[in-house]
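Got some structures for you, see below.
The following pair of complexes shares a single chain, subunit A, combined with subunit B in the former and subunit C in the latter.
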Partner chain A sequence: MIDLSVVALSRTQFALTALYHFLFVPLTLGLSMILVIMEAVYVMTGREIWKRMTQFWGMLFGINFAMGVATGITMEFQFGTNWAYYSHYVGDIFGAPLALEGLMAFFLESTFVGLFFFGWERLSKVGHLIVTALVALGSSLSALWILIANAWMQHPVGAQFNEQTMRMELSSFSAVLLNPVAQAKFVHTVAAGYVVGSVFVLAVSAWYLLRGRNVEIARRSLAVAASFGLACSLSVVVLGDESGYLASENQKMKIAAIEAEWHTERAPAGFTVFGIPDDVAHTTHDELKVPWVLGLIATRSADEPVLGIFDLVARARTRIASGIEAHAALTVLRAHPQDAAARALFEEHRDDLGYGLLLLRYVDDPAHATAAQIEAAAWSTVPDVAVLFWCFRVMVGIGLLLILLFATAFYLSARHRFERHRWFLRAAFLALPLPWIAAELGWIVAEYGRQPWAIDGVLPTFLGASPVPASSIALSLCGFVIFYSALAAVDVYLLTRMIRRGPDGLGYWPEGDARARL
Partner chain B sequence: MPDYETLRLIWWLILGALLIGFALMDGFDLGVGATFRFIGRSDEERRALLESIEPVWDGNQVWFILAGGAVFAAWPLLYAASFSGLYLAMFLLLVALILRPVGFIFRNKIHDPRWRNSWDWALTIGGAVPALLFGVAFGNLFLGLPLEFDALQRPMFSGGFFGLLHPFALLAGLVSLAMLIMHGSAYAALKVGEPMSRRAAALGGWAALVFVACFALAGAWVANIGGHTITSGVDALGPSNPLAKHVAVAPGAWLGNFRAHAALWLVPAMAVTGALLAATLLRSGRAGLALVASGAAVAGTILTAGIALFPFLMPSSTHPDQGLTVWDASSSARTLGIMLIAVLVLLPIVLAYTAWVFRVLRGRITLESVRQHTGLY
Partner chain C sequence: MRAEGKVRSRKYTSAAAPAPWRAVFRRHLAVLLAIKLAALALLWVLFFSPAHRTAVDGQAAGRHLALVPQADRRD
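Up next is the complex of A and B:
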């Protein structure tokens, strides 16, 4: 029997360390691109101030980059330490993009990031710009491989179960690479990272302008952030990853939960703007609906219905029944590989094996599951509706707000009127935490919405956990909370200290004040 | 594409190459990290030592990350069993490794001596603890880990953290710590100015001798430890199933591969000769050649361990039949093949630009150059 306290502890630790890691990743993605833009302007115009901007923002980038690297090692380890059965069960497919990330992206990013800091005097202008661009390329490529791996968890294509090795094995590498969910996720996530970088530069520059400090650098930085941020925030929303939601049952379940759509509506379905989802009574109280909108967004057609939760649970029930057959046939096949009848039965039901495994949470042998256990397993395929419903709405709300912010910034920057609109500078500064909140909520929607699956329809999360003593995981979890909190405190202290000193106060440029026009 | 057996063998070689790459590259910055606080006596001296590794440690560390990723992709069972089985040791390793990126970047940002001293200690731990733990891990491979598989084929471990601290494993930890200090000191002797260079050379010479003594002692000890040999049931061309074979355990069996192929004794000989040569060269002030010699010692040590254990990846002390080997713990032939192509295409590119970066950064870091440092890092 599975020890569910171990599963809960491992899930908590993974969620906390992953969310923590993603505080730094999007800023690395975004700032590295902004550094490329700034340095490109320096190379094209030859104006020294753009070099200083690159170096100043680059110094802040470095502090954040260190935290991203440090917390990223944890992620690479954790599949093995806490999710050993998961690693064995899908490593044949899932390990490949992680190894490729190392080969293609980490090496690039990490080898050149040193030259970004130490290469200013050793490289030509163009040479250094190329180095900066390779760092940015490396971080975005790294996101690509991670999202290919993650998309495979959401929509496991190109793989098949092998009963001889008791695991999933790769059947088509190109299907894994070209997974439609991966493409949507990559654009969405990377663009969101660029928005985080843009808001960071925008907010810090606005703060300088409010104080009348580092004005020349702040003005230019604001202009860069405004235009880059506008383009990226539009991409995040317009090219949002909704296009992947119809790819599989779990993704359908996710959108039904996001919309709290308990029953399938006649197409095109309405979009629920407000409501209080009730996970116990399986209904939504005080709904406020806009007709048609959801159906049009989700299916991109006027007559295809968006399936409701009850219908999806009914489907899950059927697949669990089939999964019980698959599990029974597999048990026979393991003992008697030559048994033709068991082979035929397994071939018929193999795609539903994962649904049979859902029952292992309630009973040691799925063949002995009671009707009540099957019902419980079927309803376990529904993620937490209230959490998804609200996380999604707040994320989208922030996304729309940021478009408004960048559009205003862009307008003001085109007319060179920042300083006259102090209300805008204040708003821009206050917007600083918003993109992080949206990014974290986005991951909660994606991963908490994937539950109860580690791999959609293939491997339940509870089964993937390592059989490590709960006390060890409790110890490491406490260790992470204390260690990571201390690191966060030092990181924030250092960042605010360096920002307060500002480009003029750092003393890097002894030849004079950066405020002078160069 | 080669057959499944050959692919498995190639991947064992690739894993070895990645570990050697890691020990050669990240090894020197771990070694410098572990010792810079003692070689450098003032803040400026320490900054010079740190600056010799600051631009390159991150790229070097990717060798380790990649070795982890390659084990995940090519030996998923090994990845699952080793990382979960060594749970608390892995956590300790993680904490030490996390201290490094932040230590390097945070240290120089504030001038306060307490701030810098704290980060110096953090970096010392971040260098010494991983160097020690990697050896302890290898030592435990020779002893076998208390591994078995349950009905679902989940890897189960019966031992705790303190079970890993067997005297032989601790000796193996000393081997790797001394080896990386030797390697890091040779690098520092080459890359930094005086007086740090001279002190590093002296320390490196001593570390090389400690390494040789510990390595020889470990070798004598291995001759008496129960080694594992597959007696039957392995199909090198068949699907990966670690439960089908039979394994015999006998003292001295870890030396079986050397007895069968006497030429393999050249490998441990290379480790010892390399270290002795490095000690001599460091004494005569030829740091560049010493670095090459210590690199040979590093490669020889890892190869020696790999050859002794082959074909075992992770022997089981409690259920020897269920130990993981090259033949029964790998990914599918398709995954091994695709990843082999990826390595053949991408790794030469990585090596090329890494070499270019080292060329750009060539030259010694002197106290003079540290004083002109911009402080951007």
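Up next is the complex of A and C:
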């Protein structure tokens, strides 16, 4: 039997490193695009202040980039050591986008980041702007490849299981590349990164305005962050809706869990704004529902139902029964590859093999599973409803709050009234951590909502883990926590120190000039 | 507006010499990057180098997924 404590430790380690890594990534994504906007204004208008703004925010981008670069490599360490069976099973497909991501991040992005910092005096205005745009493109492209790999875990396409090698093998690279889940995830994640960058610029600029420092730079930066942030935060809603729609087609259980939809309602289903999901009693207490909304969002129709958890568990039960047949046929087929009857039986049930594998958590041989074990395996396909329900609602709540923040900023920016509304400047500064919280919650919804699968419907997570000693994982987990905490603390310290010194203290823009214009 | 921009530009170039903090800052960043890479390398050597990996081939994966007749199972 599988040691589930090792699986839990491996999962915790992977989740923590991914969450830490994602503290750095969205700021890099967002700031890189804001740098392009600022420098484009400089190239178009020739005004020195826009160049100095690009350099100042670029310096903050550089700190975050330097601290964040290579923090994702620890996840690749773990694939080989903690997730050896996963790597064997799906490495053929998963490895290619990961390798391309490495190439993009380490070579394309890093090369142009170097040119961005050292090319100001060596390149023409337009040449440097192209370099800055390539920095932003490189950041986004490395995100694209990692999200293609991740989307394949959510919706495995373009691959076929080879029963002799025991691997999923690539059958269509274009299907993996053009996976609709990957496209929706990419634009949603990148837009969320742009929101993080915008809130960062907005909050820091508000802080300067509150102190009457660097006013000229802060006003312009605030205007850029307000307009770019408003566009991006609205895009996040639309693109997130697309992600949700695709999940309602491909990962129905995830949607049912996010919505705590225990029973299938008559279409169109209502959206639960508030409730207390009870994973033990399989119900939601004190729920407050808005009629129709969930049905319209999730199915984009008024007559298609959103399947509830009970119905989906019943489906899982049927697929587990079919998976038992697939497992038994595959066992025979591996010993006797020419067995035509076993081949025919396996082909009939191969799509449900993953469901049969769920039983290995409860029994050594799925063929000997009892009705109770099948029932337990069917219910194991339900992720933690309460966690998903609340993470999703807090994420959406923060997203709506940020739209309101950007809309107010945009209005005040258009009316040149920032300094008169100090309450807004304080609110903008206090909003600084919100987009990170929303982004991390988004990852929790996406990845925790995929459980119990490592590869949706194909490979249960617990079967992907290696039999590494638990003590070794616990020690490396401590090492990662210390390493990443130190890195995050240094990142925050350096950013804070440079922000406190500001463009005036760092020589990017003379403070006296700005004060005179107040 | 264009004239205003030019005035600002002149003021900046006359007021600001190359900032001395930059060299120090770059040195600090380089040291931090070196420490970070050393810490990553240390973690890799201690916990993730090939010596810590489980070798998995088709046979091992088959045993792991109980895809062998029960009499032959060792995993």
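Side notes on the structure shown:
Just so we're on the same page, the second predicted complex is superposed on the first by the 491 of 518 C-alpha atoms of A that agree within 3 Å, B and C clash if a C-alpha of one lies under 4 Å from a C-alpha of the other, contacts with A are read in each partner's own complex, and residues count from 1 in each chain.
Everything below uses one rule, namely that contacts are C-beta pairs under 8 Å (C-beta built on N, C-alpha and C of every residue); 3 or more make two chains touch, one makes a residue touch a chain.
Keep in mind it's a predicted model, so treat the numbers as computed, not measured.
Clashing of subunit B with subunit C is the outcome of superposition onto subunit A. In the superposition on chain A, A:52 contacts subunit C only, with no contact to subunit B.
Judged by the touch definition given at the top, the superposed model places A:219 against neither subunit B nor subunit C. Looking at the shared chain after the overlay, A:289 reaches neither subunit B nor subunit C. In the superposition on chain A, A:95 makes contact with subunit B only, while subunit C stays out of contact range. By the touch criterion defined above, A:315 lies against neither subunit B nor subunit C after alignment on the C-alpha atoms of chain A. By the touch criterion defined above, A:125 reaches neither subunit B nor subunit C. Shared-chain residue A:103: touches subunit B; no touch with subunit C.
In the superposition on chain A, A:111 makes contact with subunit B only, not with subunit C.
For subunit A, the partner touching the most residues, choosing from subunit B and subunit C, is B.
In the superposition on chain A, A:343 makes contact with neither subunit B nor subunit C. Residues 62-63, 66-67, 70, 73-74, 77, 80-81, 84-85, 87-88, 164-167, 463, 466-468, 472, 475-476, 479, 483, 487, 490, 506-508 of subunit A touch subunit B in one complex and subunit C in the other. Subunit C contributes residues 2, 5, 8-9, 11-12, 15-19, 21, 29, 32-33, 36-37, 39-40, 43-44, 46-48, 50, 52-58, 60-62, 64-70, 73 to its touches with subunit A in the complex. Across the complex, subunit A is touched by residues 51, 54-59, 61-62, 65-66, 68-70, 72-74, 76-77, 79-84, 87-88, 90-91, 94-95, 97-102, 104-106, 109-110, 150, 152-157, 161, 239-241, 331-332, 334-335, 338-339, 342-343, 346-347, 350, 353-354, 357, 360-361, 374-377 of subunit B.
On the side of subunit A, the complex with subunit B involves touching residues 55, 58-59, 62-63, 65-67, 69-71, 73-74, 76-77, 79-82, 84-85, 87-88, 90-96, 98-104, 106-108, 110-115, 117-120, 122-123, 162, 164-167, 169-171, 173, 463, 466-468, 472-473, 475-476, 479, 483, 487, 490-491, 494, 497-498, 506-508. For subunit A in complex with subunit C, the residues that touch the partner chain are 45-49, 52, 62-63, 66-67, 70, 73-74, 77-78, 80-81, 84-85, 87-89, 164-167, 216, 327, 330-331, 334-335, 357, 360, 364-366, 463, 466-468, 472, 475-476, 479-480, 483, 487, 490, 501, 506-510, 512-513.
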